[in-house]
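Next up, some structures in structure tokens.
One chain, chain A, links the two complexes that follow: it is found with chain B in the first and with chain C in the second.
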Partner chain A sequence: MTPRYLPYVLILPVTLFLGVFFLYPFALVAKQAFTTGGGFTLDNFREVVGYWKFPISLKNTMLLAAIVVPVQLALALLMATMVNRMQKGRDLVLYVWTIPLGISDLAAGIIWLAIFEQSGFLNSMMTGLGLVDQPITLLGYQNPWLVFAAIALAEIWRATAIMLVILVAGIGLIPKEYYEAAEVFGASPWKRFVKITLPLLRPSLQTALILRVVLAFEVFAVVVALGGTLFPVLMGQIYSYQFDLMNGGGAAALALIVLAISVVFTLIILRALRVPKGATI
Partner chain B sequence: MTATDVSSGAAQRRSGHYLYAASVALLCAWVLVPLYFLLINTLSSPDTVNSFPKPFIPEFDWGSLEFFAGYEGMLKALKNSVVVAVLTMIMSIAVGAPAGYALSRFEFRGKGLFRMLVLLTRAFPLPLLALPLAVMFIRTGLDDTAIGLALVHTTLAIPFAVLITFSLFSGIPIELEEAAWTLGCTRFTAFTKVVLPLILPGIAASAIFAFVISWNEVFAAAVLTIENRTLTAFLLAKLGEAPLHLKFAGGFILVVPALVFIFAVRKYLFAMWGIANR
Partner chain C sequence: MAEIQIKGVAKSFGSYTALHDINLTIQDQEFVVLLGASGCGKTTLLRIVAGLETATTGEVWIGGKRVDHLPPKDRGIAMVFQNYAVFPHLTVFENIGFGLRMKKLPNDEVKRRVERTAGLMHIEQLLGRYSGELSGGQRQRVAVARALAMEPDVILMDEPLSNLDALLRMEMRAELKGVLAESNTTAIYVTHDQVEAMSMADRISVMHQGRIVQAASPIEVYRNPAAEFVAGFIGNPPMNFLPATPQGGGRWAVAGQVLDGPQTPKALKFAIRPEDLRLADHGLQAVAKVIEPLGAHLLVTCDVNGALFRAVLDSDLSVKPGDTLTLAPQSDRIRWFDPETTRAVA
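Take a look at the complex of A and B:
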């Protein structure tokens, strides 16, 4: 076999795989969403958008992403810069901080349920400190904001690690000489962070944000574990269209809406954080 | 500069150092304390888990875990999870690693397009594609089987497998291979005798990463399995009705492999993103 064909032979399995399990199902979803019985129609979209739960689940999903992603970005940047100047115990601290990377959203939801449920640790602490006389219902319809806060905390707890890993790797690629030069000219640590780290970190920030934002729109199991039906989100709606309502067309239409939102945000992030041509390290 | 300036500067630096150490400790606690709470609940008797207030030290009672193991369908779900994750691990490496090698060693037409396709998959909420696949699987007899779900999970894991192996192969100088060729190795034997031994730990790490992706996946698993539920899908289905101690023991079983695996692959977590960003 000549080397000329070798690369194509090597990438063939992945291409076939993604063709069958990524592009083809994608086409199927689109077809299912735009048809009901026969012919092209927008009925499925009209139906899911008109359903009373749609605006609230869209709002919840967006609000959650809008709160969670910026907090995670700030936290991940803080942690990455802290790790970067660490001399002793760097490996141990990094291991601890990346543990949530391996934890599923379902498990994270269950973990935070242990804290927020009525006989959970938060209530135990509050009664222990004498703040409340008896355990109060934290995750109930009486406290919608608390349900939201618990879900947001669980998401921040779980998924900051993936951003941290990407940013630590990115910071490691920035030449140390830049910082030394800046120090010689008397730049403060904050100034060095804003003028060197942030601009040179753009490719990593791009990757981290795209990954996180897309995953934020997919939020599902955390919400089921903590909020049940109190906090409807788009993924949960898709699930209930498929199984509770037995409406495959509706599920497909809603899936396309989530896909469209994800793609739009990916493009926005790509555009906002684009790296000028030729401006690599 | 006077003596007081120097000492106040040193004091400031020391207080800054304490602040720094305290924040590191605080952020470690932020990660570990919720895990500790889950551990307490798992190692307490079902009665304690449902009582109030909660103890802050585990009582080392195996009641909750025994209940978990005895719950109908749970052990089967656990087994299914392992089977699907192992299949995902094998398939994603077998399919992804050659592409990673091709990307790192060859310049070829369509390389940019191919990378684009791989990267594109990460910008999509992939579990959604389980919906149409459910129909396709019923037609092909793959519905509700471990292999069917593993195929979907492999699609999730492939972009990572390709990018990780790409960065691993890029880390091995092509000169090593060229030296082997001049010494009489073919392209294939040079690969198996020189490159493969060097790359094996990294391949193992990316295999473990694929395992964790599959192990943790909830949505596609819940959509594609009915009788042969994986642990995540089973727990999700039981969330509404299951007693608290079952949920916590299940959560704990989900978390344990993650802890071990992240520890095993910690060296490679960063290398793979460093180059894959480019």
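Take a look at the complex of A and C:
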């Protein structure tokens, strides 16, 4: 075996695995999306995009991602910086902070429902403190912004840790000497964060952001638990096409649209956080 | 004005004491070299002066102000790190200009200073490159340029030329010395290269196992080493030592010869530099073992009474291994050391 072919032979099993369990189903979905019984057609796409719930679910999904991801990024950076400075108890704090990672998204949604629903913790507390006379409906159609806030909060609570662990690993890899040099040459703690940490963290930031943004477009269970039908999102629409309307072609078309959005954002993130040519980070 | 005073500084890492009671005053505009073997605490001392490490005890004063509670950026220093610490995500230009940008100097001033210091270090053609595209020696010169560009009162340099080839190092040595003298900068310069120390220093501070053994002018350190360690560390080849037994009245028996020395009843060590030996009719009987022609001189490694002994002799001399040489030490260059304290005895 010549060394030239060896790498390809070594990745063959994985390639086969992906081909069978990813590419093949993907091709099926694509076929489903682009056909309606007959030949090639864009009818499915026309139908899902033309449906009145599409703009609102797209807007909701985007808005949620636009609020949740930046907040999570800021929080994760802050938490990662703090963890990295800790001498003692670092691992313990990290474990506690990553507990939400081990909870499924539906369970997380239910936990927050237990807080916000009419007989939930928040209402009991408010009545107990005499802030309100009787429990109020927090997650109702009267309070769309509260529904949004509850979903955003639950998402932030649930999924910040995934960014945190990636950023903690990334920050830990930055050699201490760069901070020392920056300190000697007059950089304040904030400047050190902006001029050293952020640029040297670019590869980790890319990974964390791509992962998080793609997951944010796929938000579903938390929304279902807290908002039900009050807050339609793209994934919810896919679900109802597939299982309520029994329209597999529509579901497939919408899934491809979400995929396209994810790919576009991935490319944007890769481009925005690219390491300049020649710089070794 | 930037006089540096290090007063009673000690540093422990856990149970290990890296520095013991260091006292050193560096005059304004003085160029002091910290010289010592690997692991003797040079970097640690420099980092304490810079403020990157806190001393366990003791004080650091710069320019008449106590600074040990101040962060590095408020101490008026610039530093060349032993491991360079050239930022990998910035170009050479931005690396050199980093401190100037932090000081918010106008763009044209940054450009002027970066280009000037890059020129001094012969790296002006590399300004657009990233650290990953440089050789070790080029990266080291970027680190030096970054410190020089600050035009600081005090510059701390940790082996700034260690990675350059001999020729470039010699050139940079002169260049660096000139720039620092011109800009009236006070400098602490760490090296374990004694030639560098001798040629650059106003004063050499020899460190050994976390202590300063001697701080004096290069010639003083060379001629009158304060301790056996200094005598053995400085000079290439190092000083020769032989046991001496007192004969009374300041007379000493050294390898069968009788020599004049200090008036003390204790046994001492006789010491002489290899180049202070002459072939003579009377003297130490040395059996030549290895003969190394060094061009200008002949380095002869011999055996005197079972002890290793080196002599630097005229290159015209013809000696073969096994020959017996009679070597006379130049009497005003003989030094004596107390084997118990290892200190010099006058």
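As a convention for this text, the second predicted complex is superposed on the first by the 270 of 281 C-alpha atoms of A that agree within 3 Å, B and C clash if a C-alpha of one lies under 4 Å from a C-alpha of the other, contacts with A are read in each partner's own complex, and residues count from 1 in each chain.
One rule holds in what follows: a contact is a pair of C-beta atoms (placed from the backbone, for glycine too) under 8 Å apart; a residue touches a chain by one contact, two chains touch by 3 or more.
The structure displayed is predicted, hence computed values, not measured ones.
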Simultaneous placement of chain C and chain B on chain A, clash or fit: fit
Chain B versus chain C as contact partner of A:T127, first or second or both or neither: first
Partner chain(s) touched by A:G186 [first = chain B, second = chain C, both, neither]: second
Which of chain B and chain C A:Q142 touches, first, second, both or neither: neither
Which of chain B and chain C A:I110 touches, first, second, both or neither: first
Which superposed partner A:E177 touches (first chain B, second chain C, both, neither): second
Included angle at chain A between vectors to chain C and chain B, based on C-alpha centres and rounded to the nearest 10 degrees: 80
Chain B versus chain C as contact partner of A:P100, first or second or both or neither: first
Closest approach of chain C to chain B (Cα atoms, Å): 7
Shared contact residues on chain A - chain B and chain C: 280
Residues of chain A that touch chain B when the two form their complex: 3, 6-11, 13-15, 17-18, 21-22, 25-26, 28-29, 32, 78-79, 82, 86, 91, 93-107, 110-115, 117-121, 123-124, 127-128, 135, 157, 165-166, 168-170, 172-173, 203-204, 207, 210-211, 214, 217-218, 220-221, 224-225, 228, 235, 238-239, 242, 248, 251-252, 255, 258-259, 262-263, 266, 280
Chain A-touching residues of chain C, taken from the complex the two chains share: 50-52, 71-73, 77-79, 81, 83, 85, 87-90, 98-99, 102-103, 129-133, 146, 150
Chain C-touching residues of chain A, taken from the complex the two chains share: 175, 177-178, 180-188, 191, 195-196, 199-200, 202, 275-276, 278-281
Contact footprint of chain A on chain B as seen in their complex: 20, 23-24, 27-28, 30-32, 34-35, 37-38, 40-41, 50-54, 56, 94-96, 98-99, 101-103, 105-106, 108, 110-111, 114, 117-118, 121-129, 131-136, 151-152, 154-155, 158, 162, 187, 212, 215-219, 222-223, 232, 235-236, 239-240, 244, 247-248, 250-251, 254-255, 257-259, 261-263, 266, 269-274, 276-278
